[in-house]
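Once you scroll down, you'll see the structures, which are given as structure tokens.
One chain, chain A, appears in both complexes that follow, with chain B as partner in the first and chain C in the second.
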Partner chain A sequence: MKRVPIALTLLLMVALVVGCARPTPTPTPPPPKPTVAPTVAAPAMEASTPTPVVRKAVIGFTASQTGKLNVESTRQINGLTLWMEQVNAAGGLKLADGSVVLFEAKFYDDESNKDRVQELYTRLINEDKADFLISPYSSGLADAAAVIAEQYGKIMITTGAASDSTYKKGYTLVYQTYTPASRYLTGAFDLLGALDAAVKKVAIIHETDKFSTDVCNAAKAYGEGKGYEIVLFEGYDSGTADFAPFINKIPAGTEAIMGGGHFADGSTFARQLYEKGVSVKFIALLVAPPEPKFAELGDAALGIIGPSQWEPQAKYSPEAAQAAGLEWYGPTVEEFVSAYKAKFNEDPSYHSAGGYAAGLILQKAIEAAGSLETDKVKAALDAMAIMTFFGAIKFDTSAEAHGLQIAHQMVYIQWQKDAAGNLVKQVVWPAEAQSAQPLYPLSR
Partner chain B sequence: MLAQILASLVDGILLGFVYGLAAMGLSLIWGVMRVINLSHGAIMALGMFGIYLTFTHLGLNPYLALLLLAPASLLFGFLVYGVAVHRIINAPYLSSLLATFAVNMMVIGIGTAVFTTSLYNVDFSLGTVRAGVLALPGTRLAAAAAAVLITAGLYLFLYRTRPGKAIRAVANNRAAAALMGIPPAQTLALSFGIGTLLAALAGGLITTFFPFTILSGSGYQSKSFVICVLGGLGNPLGALLGGLILGAMEGLIPIVLPVSWVPVVEFTLFVLILLIRPSGLLGART
Partner chain C sequence: MKPWRQPGFWIPLLLILVGGGVALVVRKDTLREMTFTLLMYVALASSLNILMGYTGYVNFGHIVFFGLGGYTGFYFISRHGWHLVPAALVGGLTSALLAALLGLAVLRLRGAYFALATIGINEAARAFVNNFRPFGGPTGLFVNFAIYREYGGAPQALWLTYTLLLITTLVAVAVSYTVKNSRFGLGLLAIREDEDAAMVMGVRTPRAKTIAYVISAFFPGIIGTLFFFKNGNVEPGDAFRLHMSIEVLVMIMLGGNGTILGPVLGAAAYERLRGYLLTSPLFKSLHLAFAGLALLLIVLFIPAGLVGWLRRRFPVLRRWLE
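Presenting the complex of A and B:
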């Protein structure tokens, strides 16, 4: 007799646990949206002033509102939200046929969890009828979402996702905003070559995690292809605090040092290079230098170069676009920065800029296609070659790496001193984004 | 090549003095009370944060801050001894292992809640001393000098003062020492306090040249075990010698092998010493 109530209790408990663990996803309230007219042509109120046909484009994406990616993802979504609000506030996107497209956001919290991403993107496509997709933040989540986009035939613009591998899986509808990881440090060789053609000996010392190793392997191959001699190529474990053994291994005559990994090790490495009085002409490290906290190193930070997807100091402009033979599209850097600061009361990071740029790319493609149809927008994306406040945008259209970003370049910042002797970040590469001349060679 | 060997050797030895100081605390506690102190690394981390807080918030020179850290860590050692070690001092080794491990987990837990596991850095520099091919950061030189001074102080204390002699007597034969009127509980508490003090000071010196997190102590604790076995568990001078050997190895191995091989060689040596000469290079002596 006792078994029935026990079984019932167990069943109830299981139901409760399952219910708590998997709540039905409720769409997070989208940003303020305008009243949207039906997609069919609105009847003319007066013959003399015909009302344009208003179409609605649903943009679906997930945001990591909780979990470890929360900070970066929130900034990315802030950028995207700003883009959408600006387009809609300007009356929508006007197409060549006279119709107007208004954008509507549908999004869910992916909890920074890859497993949730696939479930939620399927829901965005099937239930929320998203016309276009924007990726979640991070390479891992974007990779998971890309499978779904491709499966259901929806265009996805990825942002906050630098990994190359997603675009080498034969997808045809996934387009990358960021510079791929394989080119994070290649620009440092270009900058070095532009500064001093005589420099040939480069040491690469990097963290041995996957990201840093991939970046440095690609940089090594690129450097060797350009005729540089990689005199030392060695990895250090994540969490390394003592770089003296690596510094002592740098051969005499080395002219440049590249590598690094993340903030903690990169800043320690830079500090110990300074303390040990390593005399090279050029130092470029991953990830750490663009962080504002890097300036706390004081003189050890002076002259250190680091790649970033974007910086507010980047001087991309219509003139730079013209010089590069590209069409300029969207707001200027100053317009974006001031609008972002006005709305969110903070300086935009590259995550924020990437979010805005993803929207801008989609906007340009829809405008060029004059349609919301996937095939036409895809053709416009394939043909796209523009420059925006975020930098140049062009996609690989080969079967091997379709959608891979091939025009956008990392901007390389360098810590320099202003007139008052304070350390400031300056963009020193690429030339079209330069805010100051590079400090070269390092004087130590 | 010669320049690289010299630079690596000197760097390693300078670091070895601090390693030795850290291991000395562990060695002393084992030598006197036969307790393997698994909270050693956590106490080093506390020392690191002690210097960080006094430097960042009070603007105190890190070396002067060591003078504050020393009595504070001594008192903390008394507290840990009284709460976690005293009652199980005669129990099997596993009990004291678990008790000190529990202290370790508490310190790490509270430290993580307060400081998170983020990286901290004491932005303090003494410039760089150059001598030929050598470029030696002043902070490393100062840390090595401080380690030598503290070691000398410890030896003077152990061999020239009554409480020091009492510690040596208790280490030698606790029962006989008690019969001679030496209070074992107070002497053991003092030993644990001094061991804690040495760990905290070593942690404090490390902050002047390496960044750290609340979890940083565990790596130095592992090195301390290797050093103690190398020099002779229970022999503080052996610990210093072991520290210098380990530091020199860390400097020299990367010349011929990738740096990631250093721990492999270190722990191979650890096993070999245990097998071939379990008493260590200098043997157990207090």
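Presenting the complex of A and C:
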């Protein structure tokens, strides 16, 4: 009798092992394919008008369809898919030589896992013959993918990846859509300076992961350069739930608090600051405040400022582009928001906007290059200086930080109350994107 | 007894050589990337088996050596411009040295206490690196892309890394066999069966366990350096993943704890299974839960793993399946 369970277990294991003995990874079905064939087979009677040469550009990327980055990554891919569908539905991208480029997506699930990203990008380049690459979501995954892009000489537009270090590794083909991490909180100092020149004492309390540490080190250097006194610079471990020891360390006379890390710790920190009645004039935290769920904190959320790559309220427009001396490209903020809402039945987040913007950047570069060749598109990207619904786009072309985003700015949101007393997000900085006056000082 | 005359010695080596050599012969990048992950797990499982399989000490902290060794090797590449080969060796030696120091302390613990201590070591190592400035703190370290030029370009650097990993895997398995079939290995097996009895019989258990721990730690240090060199960067979060330790443990248990071929088959099977689970709509996000379930089933019904069970069930196979 003892052999039955043994045999059963073995059978189960063998079945599972055999079951998985098929080529991994399974490619995810690509989004709707553009209809290339009919254009080529144009009716003979129309022969007098030259049939445009149709070229197909394969855009390769990985999506975190499973794992911890699933939500953000899905939104990013939604944005990218919307862009691709719009371009293809409009008949493709028409180049100066009369040819038409239609885009096709090839993507795999990276499981939010760095181990798999390199394997999958190698596959996208070698097996799926991707012409251009879009990065996965998150700095860590994008960093792993960027090496592969550079190794195989493919252009990669990164989105959802703010880390600066990726662009300081000597890459020449990787271009960043997001504002880099080093400028995440610097705008908060600019905003504070614009609101109240008398404030000088700032405490920075941040999570000690890579992203938050990079952001806060850069913010500290920037603040000190602007004459601020950093009265406390303290890190806390990821997963910290009790901030009392850190709050108790905030020296008397501190006028502003900055820092935070990710959603869970950032919102807990904001709540405990409120509960403990910490009286400061200004609080700016990373990542958590722009999330709609942050409003669940109620009064603890009121007045809290947070940097965001983009918000639907941001007022980027052709007029703002003209004022900044930049070319306007692509849809307006309203057009993007309504198209996204119509397709996905939800408000676009900055992840969605970043995904769309990455496609838009590629589109503009191919259009300007008039070609799909890497060298020409790279030259167009290096020369790019545009404003889109996502903000301004320009890349560093120096050898030290090639591809780093230098024009795009964070928008700073603040939770305020509307006429009905409901908490609403308002863009309070930069001035050209402002949707409401900042609430200052905090009344606590 | 000449090991190369024994089928139990060359069957696992041949499997690895053929499996890993295909990518080298056909020169397909996609295949190389897939096999790289597989070989990495085979080598990690085989090296952990030297401690866990032979002495019976369950080590949840194997990945510490992967992380710290990898960090050290990578540090010499990125900050001092060392070539990959000496850097990887230094990574391995650092891990071995660390194991020697740690072993003196924690190998005096037995059973659950040892297992708990190894979890603590993993967390301590992560916290240490997170605050250790020369290793870049939370930001980690990275190499400039130009570094690949030294190796004749990025593709050559990747093939070199792969070849080195294949060699490391073969050496790890060969060492595992040699240890098991040596007098020293017999001492380790005696410790696994009854440590007190082994002491009485003249086995110097603290020394034997520490040596096994040192050998077991050497290989992850090399593998870590190769892995992070291929990635181009290293961060604390990637270097000390506790669940990776657990997965390696499952691989050994699946294939056969204390056997030579077991960790090789277990790693290959688990890696394929993981690939399937992660992409299957039914099981996605559940692969760790599945790993736990598999471990439970193995421990309950076939504690000796696949190879161990086959050896017991079909004695004729004992000569072939070591």
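The rule is short, and it goes like this: the second predicted complex is superposed on the first by the 407 of 444 C-alpha atoms of A that agree within 3 Å, B and C clash if a C-alpha of one lies under 4 Å from a C-alpha of the other, contacts with A are read in each partner's own complex, and residues count from 1 in each chain.
Going forward, contacts are C-beta pairs under 8 Å (C-beta built on N, C-alpha and C of every residue); 3 or more make two chains touch, one makes a residue touch a chain.
This one's a predicted model, so the numbers in the text were calculated from it and none came from an experiment.
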(message) One more residue to check, A:104. First (chain B), second (chain C), both or neither?
(response) neither
(message) For A:275, using the defined touch cut-off, is the partner it touches chain B, chain C, both, or neither? Pick first, second, both or neither.
(response) first
(request) Of the two partners chain B and chain C, indicate the one touching more residues belonging to chain A. (result) C
(request) State whether A:249 touches chain B only (first), chain C only (second), both chains, or neither. (result) first
(message) For A:432 in the superposed arrangement: first (chain B), second (chain C), both or neither?
(response) neither
(request) Identify the partner contact of A:208: answer first if only chain B is touched, second if only chain C is, both if each is, neither if none is. (result) both
(message) Quick check on the superposed pair: does A:114 touch chain B, chain C, both, or neither? Answer first, second, both or neither.
(response) second
(request) Could you tell me which stretches of chain A are touched by chain B in one complex and by chain C in the other? (result) 208, 237
(message) Applying the document's contact rule, which stretches of chain B touch chain A when the two form their complex?
(response) 3-4, 7-8, 11-12, 15, 119, 121, 123, 125, 128, 130, 135, 137, 139, 209-212, 216, 250-251, 253-255, 258-260, 262
(message) Could you list, by residue number, the parts of chain C that touch chain A in their complex?
(response) 28-30, 32-34, 36-37, 127, 130-131, 137-140, 142-146, 148, 154-155, 158, 230-233, 235-238, 254, 269, 272-273, 275-279, 284-285, 294, 297-298, 300-302, 306, 309
(request) Flag every residue of chain A that touches chain B in the complex, lowest number first. (result) 208, 234-237, 240-242, 244-246, 248-249, 252, 263-264, 267-268, 272, 275-277, 296-298
(message) Which residues of chain A touch chain C once you look at their complex with the stated criterion?
(response) 5-6, 8-10, 12-13, 16-17, 19-22, 24-26, 65-67, 109, 111, 113-116, 118-119, 122-123, 125-127, 140, 143-144, 146-147, 150-151, 165, 168-171, 208-210, 213-214, 237
